[in-house]
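Let me give you the structure first, and then I'll get to my questions.
Labels for the chains are A, B, C, D, E and F, by order of writing; each one numbers its residues from 1.
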Amino acid sequence: MENVLNLVYGSGIANISLGQALMLAVGLLLLFLAIKKGFEPLLLVPIGFGAILSNIPVAGLAESAVSQALHYGSDEVIAAINQALGGVSYYEASATAQMAAKEIAHHANYADGILYLFYSVGLTTGAFPLIIFMGVGAMTDFGPLLANPKTLLLGAAAQFGIFVTLIGAIALQFSGQEAAAIGIIGGADGPTAIYVATKLAPHLLGAIAVAAYSYMALVPMIQPPIMKLFTSKEEREIKMTQLRPVSQTEKILFPIVLLLLVALLLPDAAPLLGMFCFGNLMKESGVVDRLSDTTQNALINVVTIFLGLSVGSKLQASQFLQFDTLKILSLGIVAFGIGTACGVLMAKLMNKLSGTPINPLIGSAGVSAVPMAARVSNKVGLEANPQNFLLMHAMGPNVAGVIGSAVAAGVLLKYFGS
Amino acid sequence: MQEGLTLVALGMGTVFIFLVVLIVCTTLMSKFVMSYEAKFKKPEQPIPVAGQSKIPDAVLTAVISAAIHQHRSAKAKKGK
Amino acid sequence: MENVLNLVYGSGIANISLGQALMLAVGLLLLFLAIKKGFEPLLLVPIGFGAILSNIPVAGLAESAVSQALHYGSDEVIAAINQALGGVSYYEASATAQMAAKEIAHHANYADGILYLFYSVGLTTGAFPLIIFMGVGAMTDFGPLLANPKTLLLGAAAQFGIFVTLIGAIALQFSGQEAAAIGIIGGADGPTAIYVATKLAPHLLGAIAVAAYSYMALVPMIQPPIMKLFTSKEEREIKMTQLRPVSQTEKILFPIVLLLLVALLLPDAAPLLGMFCFGNLMKESGVVDRLSDTTQNALINVVTIFLGLSVGSKLQASQFLQFDTLKILSLGIVAFGIGTACGVLMAKLMNKLSGTPINPLIGSAGVSAVPMAARVSNKVGLEANPQNFLLMHAMGPNVAGVIGSAVAAGVLLKYFGS
Amino acid sequence: MQEGLTLVALGMGTVFIFLVVLIVCTTLMSKFVMSYEAKFKKPEQPIPVAGQSKIPDAVLTAVISAAIHQHRSAKAKKGK
Amino acid sequence: MENVLNLVYGSGIANISLGQALMLAVGLLLLFLAIKKGFEPLLLVPIGFGAILSNIPVAGLAESAVSQALHYGSDEVIAAINQALGGVSYYEASATAQMAAKEIAHHANYADGILYLFYSVGLTTGAFPLIIFMGVGAMTDFGPLLANPKTLLLGAAAQFGIFVTLIGAIALQFSGQEAAAIGIIGGADGPTAIYVATKLAPHLLGAIAVAAYSYMALVPMIQPPIMKLFTSKEEREIKMTQLRPVSQTEKILFPIVLLLLVALLLPDAAPLLGMFCFGNLMKESGVVDRLSDTTQNALINVVTIFLGLSVGSKLQASQFLQFDTLKILSLGIVAFGIGTACGVLMAKLMNKLSGTPINPLIGSAGVSAVPMAARVSNKVGLEANPQNFLLMHAMGPNVAGVIGSAVAAGVLLKYFGS
Amino acid sequence: MQEGLTLVALGMGTVFIFLVVLIVCTTLMSKFVMSYEAKFKKPEQPIPVAGQSKIPDAVLTAVISAAIHQHRSAKAKKGK
């Protein structure tokens, strides 16, 4: 009888908190958006599912052994752990005290939850986002950028949103590190945002990742009105000259040039851009196709699954259901909007100054959100002039935006990191 | 706020300087490569991006031999 | 000269124990069964090979650095480690003492064996069986189950063997935790058995895994006599009505419904069924095909290799050559038999009570052992009536059995786990 | 032994209750989906399970163009 | 203003040492050799790129958190760490002191560099080279060897270079362990060299791996002159008899026979040859094709990438730019040369003694360097006699060389390992 | 130096002994397998090394049906 009661008392219904119920709903919403609305499903399916798993009451899938012992353990276990930690929280305790606390939790038969494990193996180390970035590098074609290198400026301008948002976040009472991690949402690049958030404000990772991927999925709705606001019909009709062909040697040398510049000018961007250039060099060199293929397929897919679940593990009710999350979501969309506008305005300026015509619509692609933002440039261009195909022209600023936000991330990590 | 503005300037400054330097280096690199290739090789076709044909050889062989077979039997029949 | 002697004294022949020789033979037998007889080769080739590797004398492939130092180290090293551990065994020692012992072993140039490493990274954490379960989810089609959901009852009934065997194991002097791990052999599901055994009785993992996979391979020999014993020829000839088509939406919603029920009713089954549902949702959602493909191929294959080797590392002579192993093998087959019988009897009962005819032969598929048990139902059905194709009807209870044994595992982990 | 029997009852009870609840929920879900799809869409063909054709496009194209080529040359020869 | 200065002072240009600049050049040279000259690109692209990443100033990609804190930290952090370590270096400090040092570094916001992480997860454990060896096993066809097993002797003779070089290295003031790791370059087998170097002389890993792969790539230039020096034109024209067909059963049994011999005679070679035989058995058994395919593709590719980057992390200026490196490079090529010569001489001897004719050119393939060395044998043979195809005959000694150097590695690990 | 020579002897000795034993065992194993297969089975063709045809079934079907289609239409046309 007692056993039956144990089972009932240990069931989810008996233990679920309002927050967990809400987060289950949030998880379901993310799955709905990913599956039915096609919002960045490759990330939002694992993140949404991870959110549900992390909020299953009692199961503790996203909690460490110590945290589970403190939540669900007997009074003696809790007292022993607290004594071992010496009255401070686990993260403030010394390494020896942490080790003792872990030992008590393991003896009481608690083990790290599987999502906590994925998170600590792949995210706290930075390995997952960096491997994803390597895979993205192996899938990126710098041809259009090399044919028209001045579009790199568009990828610079569109990062303005990052820094403006950073100031906004500080004004909204976030700490400097938190504000930097929030600003990077405007970089419109998932792995960069996750990497920076993990380093600077891991407690906000859930909200930041959800904001980044959601807004990347919403690019076709967020960007067009802004693009039209800042351009005239004539500007949108501008035809650009055909891109020159780019030789394989240039494509091979570009990631090396970029890497050396990073090494010499901004070493703090070296982890992100280093792995990115490595992936790209594997692809373009043409001598390691089997490595490049695996990087673009099995490896990036596996890491995407575990990255998504790990991010989902940060969508626990206690961390996500904060007023801060609403602020982050609001700041994120502001960052996107400012980035888009600055990209367009820079393109207008370049069109004025440059000899060759530049359609300002390709400026918005500078936020990155590859390849969605470039497709949006193309689509809005076609609305103005059905003969005007901007896609290849927009791919240059689009990949430039990836470099731009990685550089911005380097600056922020330098400034706030240590 | 003061610090915030500094940060915007510092950040955007770094991003712009870095990308401008990258533009310069990339342009120089491209020029060098193009002049080198113009000088030492016959003007190279831009190699298509690793676009190996996706048809496995075995399949091609099968298709071709099916085709040849057809051809021959059609011919043979005609010849009769 | 001394060196030559060292080599000779350090050779395998000079050090092999009778137990190790026997275990080499067991490893060879498993390879023979897997390769020549086709017994579950995907698991038994790695397990068999792992068994051989773990029993190579002196090499210590399945031992930790400390264990190797204690077995093969100089007297001083052994004394130092024992002093560091304070007179108790390694697993009873405190975390600090363990750390000191490791340090001594590393300084004496001992390193963790590669199989020990795979075991501790993948099995003690639970990661390998859970990832395999995700892959199995991504390969499972719940269509037949959705077309006829009441076959879930067959997947429930067939778990009876688990609990009866558990009692039997307790009667044979196993502890409660050990008995639970042994009972789960009757669940006829490899990753579930391995997951539960790792949590409740890791010292029995080798015997339990070998029993589980061997009996799953033997399903075509174990089940038919039992199925015929409990059914009449007329019953075996029963034709079932064609299954209705199932829409994609139902297939997408099913893993979500199952996950939510687990969350609300039995959180202890959440790791297993959560990962299972995640794999299935990736497959059915249709929006993350590249993730689903990798999960079903590269990922599950890689993990299967290392899982098999890790399980093999638990087939060391000292652990496996126990009378307990014989008891486990006997209890395991009893569990299979009872599960099969209960599935068939439940199907007979449902046939009596239900409006639509149910061929009792599909009951035996409720043990799981996907898809072997369903094929056996089909084959025995064809013997009775050559026009009677039961395969699709048996797939429902077959996948229901996977859910059933994961639920049973949740109950056991709840009851014995902490 | 007493405890053993309790455990059997508890375990099988939980398994059965869980699966019965799952039957109920699944049945309701299916009913809901079917009535929804009957109402809002034209009766949907059950989508075949992710059964994308395994023939790569390139191969199909090759096969088809081989076929067309055959056809034409056969025709041409006949026409002569 | 101060911030700007910080950025400038933190840039790579302001911090680069001459050594790092030289190593960037070495990295570029390796990439050039790999991409333009086709030198073993699968390894030298990742190693070369890793070399560049490890020598980016300030970034610390190849350094541990503690090492970074000691290099770039504030005076207080450095003082605190030194105090925690008690005045000795990190590797000499006790485990508790190391833990305290790590804690201080983490609190000061330093984290392990990503390449350091790959190195410590994959190389110090031995996992990466062993998994690669499993993959190589899964790609090896022992058919030609089984058709003519006496060619195993050629794979033995060619290991002579290993031991001669070892003596040379000791004469050049290397320690015994270092000399053994250097000698193994003559084994002409990448994973074996890396595995041994990691165990015996990790500080020399960079130079040893670069030497091993460079000389393997140079086999077509190193071997032919030596081969011609030791053979007459008539000998090079010798035609060998057609190899007999080999049954699948023999191919399945061979890895098992080899494994059992290792187990009984030389357990120290068990990690390398065990994983090798496992890969080969997966391939030949024919019952686990999906595991074998993944091992030969996704798995070996992923591990190759991370192995290469990890090896590159040992090409830091401080470790690589030593006079020792030049000595290692010189000794390595001597080892290759002696191995080649001994293989050829042994083949000449066998030709004299054996009833069937043996072309001495196949002896050079005994160094391993699969399949390059066998192709060289074939090519030199064709020069002497355009009708003489030696390729299949040379594949036997070629794979024998892999076994031979793994056995030699076992002897060295036994002798110097503990 | 003394130790070095010992080491060479020891190392090469072990390598040779090991590989000679391997030759002996492999030869015995092959003999046994061959005599066994000669006795119990009809002389087996050496199974080609896991060389499954690389043409997916679907493609083969497509090729064949294209072929048949050609054949028929060629025939039909001829028949007219």
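The rule we apply is simple: a contact is a pair of C-beta atoms (placed from the backbone, for glycine too) under 8 Å apart; a residue touches a chain by one contact, two chains touch by 3 or more.
The model shown is predicted, which means the values in this text are computed figures rather than measured ones.
Chemist: In terms of CA centroid distance, which chain is the most far removed from subunit B?
Modeler: Farthest chain from subunit B, going by C-alpha centroids: C.
Chemist: Looking at B-E and C-D, which one has the bigger number of contacting C-beta pairs?
Modeler: C-D
Chemist: Between subunit C and subunit E, tell me the centre distance in angstrom, where each centre is the average of that chain's C-alpha atoms.
Modeler: Inter-chain centre distance comes to 37 Å.
Chemist: In angstrom, rounded to a whole number, how far apart do the mean CA points of subunit E and subunit F lie?
Modeler: One centre to the other, that is 28 Å.
Chemist: Can you tell me which residues of subunit B touch two or more of the remaining chains?
Modeler: In subunit B, the residues touching two or more other chains are 7, 10, 14, 59, 63, 66, 70, 74, 78.
Chemist: Residues of subunit E that contact two or more other chains, please.
Modeler: 3, 7, 96, 99, 265-266, 286, 297-298, 411, 415 - these are the residues of subunit E that touch more than one other chain.
Chemist: Would you tell me which residues of subunit B are touching subunit E in their complex?
Modeler: Contact set of subunit B toward subunit E: 6-7, 10, 13-14.
Chemist: For the complex, give me every residue of subunit C touching subunit D.
Modeler: Residues of subunit C touching subunit D: 141, 143, 146, 149-150, 152-153, 155-156, 159-160, 162-164, 166-167, 170-171, 245-251, 253-254, 257-258, 261, 265-266, 283-284, 286, 289, 400, 403-404, 407-408, 411-412, 415.
Chemist: Under the touch definition given earlier, write down the residues of subunit C that touch subunit E in their complex.
Modeler: Residues in contact with subunit E: 3, 6-7, 10-13, 15-16, 24, 28, 31, 34-35, 38, 41-42, 45-46, 49, 52-53, 55-59, 61, 72, 96, 99-100, 102-103, 108-114, 117, 297-298, 301-302, 304-305, 309.
Chemist: Which bits of subunit D are touching subunit C when the two form their complex?
Modeler: 1, 4-5, 7-8, 10-12, 14-23, 25-27, 29-30, 33-34, 37, 44, 46-47, 49-50
Chemist: Over in the complex, which subunit C residues touch subunit A? Could you list them?
Modeler: On the subunit C side, the touching residues are 94-96, 99, 125-127, 130, 199, 252, 256, 259-260, 262-268, 270-271, 274-275, 278, 281-282, 285-288, 290-291, 293-295, 297-299, 411, 414-415, 417-418.
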